[in-house]
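Below you'll find the structures, each written out as structure tokens.
Heads up, the next two complexes both have subunit A, just with different partners, subunit B and then subunit C.
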Partner chain A sequence: MDAFLHQVLAGLATGGIYASVALALVMIYQATHLVNFAQGELAMFSTYIAWSLINAGMPYWGAFFLTVGFSFVLGVVIERVVIRPVENSPVLAVVVVFIALLVILNSITGWIYSYTIKTFPSPFPEQPLFGNKFMSSHEIGAIGVTLVVLLLLYAFFRFTPLGLAMRAAAQNPESSRLVGIRVGWMLALGWGLAAAIGSVAGMMVAPIVFLDPNMMGGVLLYAFAAALVGGIDNPAGAVFGGFLVGVLENVLGAFVIGNELKLAVALVLIIGVLTVRPSGFFGRVHVTRV
Partner chain B sequence: MTMRKLAPFAVLMLIACVLPFAVSEYRTFQFTLVLVYAIALLGLNILTGFNGQISLGHGAFYAIGAYCAAILMDKYGVPYWATLPVAGAACLLVGFLFGLPALRLEGLYLALATFALGVSLPQLLKYHHLEAWTGGVQGITITKPDAPALFAELGLPLNQDQWLYFFTLAVALAMFALGANLLRGRIGRAMMAIRDNHVAAEAMGVNNAMVKSLTFGVSAMFTGIAGALGAIAVQFVAPDSFNIFLSITLLIGIVIGGLASISGAIYGALFIQFVPNIADEISKAAPWAIFGLFLLGFIYLMPGGFAGAVRMVFTRTGMAQLRRKRQNH
Partner chain C sequence: MALLEAAALHASYGQTRVLHGIDFSMEEGTITTLLGANGAGKTTTLRALCGMVRTEGAISFGGERIERRATEDIVRLGIAHVPDGRGTFVNLSTEENLRLGAYTRKDRDAVEADLERMYGYFPRLKERRAQQAGTLSGGEQQMLAVSRALMLRPKLMLLDEPSFGLAPLIVKELFAILRTVNEKERVSMLVVEQNAAMALDLADHAYLIETGRVVLSGSATEIKSNDAVRRSYLGY
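Up next, the complex of A and B:
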């Protein structure tokens, strides 16, 4: 029983990280109806920036917030420069652009920082918190950070005029434009926010999986699964999906199929959800008009 | 084939036949891989370019083909040439089965599902219960086939690389003929009709579900046969050589070679084989940076790829000739 509980709790901790990346995916999906294949690499790149800052002697939280700010700007710039030109292109062109971004970010990071694995510090103490024997303090901290991000996002979209404008732009671009919302910039802001959330996830996952240019491959896959399980247009659903996928992955990996096939869990979930219930648990069902 | 089309084709074939005698063994091996990639790219292009179904996981079918060939040769002593039909049939079946759930997925979601397949495949290949066949992380080493003794008797001794090149060339010709005929006929037109407007296609009496899943199967078959040939040429299969970047390489090949173009598969194969070799000298990461930049550049500036550009040059010069003729009258 102890072992089971331990796996569930560890699953919640990684689930928090998947939830963050899933949230970033949902942000971009809501605004543009696109799935960002480069989300993981974007987060990985941000994490390397944080690593450089910390290695240059900056205190952890200083580097953390600076990185989040930098990622926001990076996200906005990418939307403006790279995504803008293909906004109205066929899906294939957009997917190819995302793949190009993925490849470029991956190789640039490898070029600058080399492909050797690096350790990344955790801001949380090494001793388990409150003397519990189930979770390391980094795991508890990661869950805490995810929940804080979620609350901040909720508050932003619910209580600020800018958040309202962004929601409006995502839901009905034409009408939003008529009431004076600059829809293009709202999309760019959405990208910025997604990149910032992704960077938080990257910095939280890096102490667990270690820092290397390919570290987000698996995480991105779980995040896709999480976003789909929760419903790809529902932020709260994505967070729920993240925790669910994290727990499923850990428990199934530990007791049923073995650690070697963990990624297959994501594959089965993705294909299963897409075929059986494409709108996920909490998503809106889409009906296309002929 | 008309005379006008036949002439360039004959020249091309002549070059292709002389090539292995003019270059080093290593270059011959590289050109063999170009042919292998060309078959794989044609397969992906049938699916993505002609039928509009995006696959980011075609490396998986390449891997299945490669493993089929390696396992049959290594464990069961099957001759190399006999592994190709088996690899093709296996991939046809797997592709068709994967195409069935994929029917319900459109555009982005299919890309997602195939991406998941591509990412998780190396892990599946490493699975320890399959290790008796797949060799686990170590993979399988196979031996390169010798040229049949017949050639030496005819006074044309071919070394292993040259023989494999000609063998691959023959298979590639057969596959391209098959692909071209398939795309030119009724089924090919149905594929393109579905890509352009699936509702209209359905209304015209095209069985969308059947055509789409069959296209998936045929596409996987092409890529699987290429995988088997690739395994024989490289003499080695291992899970980590079939990661998501292989699938991405194939996507890069069809975008740069030219979507929905048969000749584009050859341009794309030349590109993905030789550009990394040149770029490798700058840095280990350089090939992928260059791949990425080329991808962006092509999508923005030349969405038709090399094949599109070539076609444009020919039609322009053709138009110019026509105009000159008219003026002379």
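Up next, the complex of A and C:
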């Protein structure tokens, strides 16, 4: 029973990270109706930046916030420079750009930092918090950080005029222009936010999976499964999906199918959701009149 | 000086030209209506005015040339567009829709006051303030679209078929409010309508558009008594 509880709680910790990346995917999806395949590599690249800063002697939290800020700017710049020119191109062209971004970021990181695995520090103490035997402090800390990010995002989108404008721009660009919203910039801001959320996820997962250029491959797949389970156009659903996938992956990996086949859980979920209920648990069913 | 003036206005969607040189002008504080059959180019004229289609020709607003400006910047000059199909943000609440109308304004307190003013004009919207706007009835969405435009405190309102799909009683109510807004707040209005009788009762001036050209213009009373207009558009 203890072992089971331990796996569930550890699942919640990684689930929070999947939830963050899934939320980043959903944000871009709502605005563009496309899945940003480079989301994971962006987060990985950000994590390397944090690693460099920490290695240069910067205190952890200083490096953390600087990295989040840098990632935001990087996201905005990528949208303006790379995505903007293909905005009105066919879907496939944009998908190819996403995949190109993925490969480029991966290779550049490998080229700068080499492909050898590095350790990434956790800001939380090594001793388990409150003397509990179920969760490491990093797991508790990661859940805490994830929850703070989610709450901040919720408050931003729900209560600020800019958040409202971003939601409006994603839903109805034409009407948004008619009330004076600069829709292009809202998209860029969305990319910035998504990249910033991804960087937090990257820095939280790196102490668990270790730092290497391919570290986010699996995470992106789980996040994609999470977003689909929750409904790709529903932020709250994506968060729920993230925690669910985290727990499922951990519990099934430990007790049913073994660690080697963990990633298959994500794939089975993706295929299962797409065939049985393509709109996910909470997604809106889209009907098009022809 | 005219508030709004268009000279030799051409507009096209891709290869298809829809406006073939429209000239018109309107004075500040007046209501002008564009009449015409389906496909005459009324909606396109409104879209051209706020930079939503490719245009040639000159448009000036308050003496400033605006034909090269982006829609977002034209809005900031004080032109509010109630678009064809109402342009509701269907997944947002009624109140969020209204607040978006005031997106470019910085005077927060006045925005709150205007919100209450809109609820005064349209008490139905107040009842539905927290409701998802997509679930409102057609008439309520039209009220919402008009209020959203008013939240800008515009100098000029462009209204694209405000009566479309509404019950006659609601149309009457809506037009009465438009008249009040015009008289009390001196908001100028350019109204596109298929319901020519209602539009001519509301407006001071009218232009008749056929296949992308102005074929007749004059005061609303003149146009109303024109035999051709009476037969083709008023039906008696």
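Convention: the second predicted complex is superposed on the first by the 290 of 290 C-alpha atoms of A that agree within 3 Å, B and C clash if a C-alpha of one lies under 4 Å from a C-alpha of the other, contacts with A are read in each partner's own complex, and residues count from 1 in each chain.
Here, a contact is a pair of C-beta atoms (placed from the backbone, for glycine too) under 8 Å apart; a residue touches a chain by one contact, two chains touch by 3 or more.
Small disclaimer: the values here were computed from a predicted structure and weren't measured.
The superposition on subunit A brings subunit B alongside subunit C with room for both. In the superposition on chain A, A:L178 contacts subunit C only, with no contact to subunit B. Centred on subunit A, the angle reaching out to subunit B and subunit C in the chain A superposition, using CA centres, is 100 degrees in steps of 10.
Contacts of A:I104 after superposition: subunit B is touched, whereas subunit C is not reached. In the superposed model, A:L164 lies in contact with subunit C only, and not with subunit B. Applying the stated contact rule after C-alpha superposition, one finds that A:L274 touches subunit B and leaves subunit C untouched.
Put subunit B and subunit C next to each other and count what each touches on subunit A; the higher total goes to B.
Of the two partner chains placed by the overlay, neither subunit B nor subunit C lies in contact with A:T116.
In the superposition on chain A, A:Q127 makes contact with neither subunit B nor subunit C. Distance between subunit B and subunit C in the overlay is 20 Å (nearest C-alpha pair, rounded to whole angstrom).
When the two complexes are superposed on chain A, none of the residues of subunit A touches both subunit B and subunit C.
On the side of subunit C, the complex with subunit A involves touching residues 50, 52, 70-72, 75-76, 80-81, 83, 87-92, 96, 99-101, 103-104, 148, 152. Remark: subunit A residues 33-35, 37, 82, 85-86, 89, 91-93, 95-97, 99-104, 106-108, 110-111, 115, 217-218, 220-221, 224-225, 228, 258, 260-264, 266-267, 270-271, 274-275, 278, 290 touch subunit B in the complex. By the touch criterion stated above, subunit A contacts subunit C in their complex at residues 161, 164-165, 167-168, 171-172, 174-183. Across the complex, subunit B meets subunit A through its residues 48, 52, 54, 56, 101, 104-105, 107-109, 111-113, 115-117, 119-120, 123-124, 126-128, 199, 244, 248, 251, 255, 259, 283-289, 291-293, 295-296, 299-300, 303.
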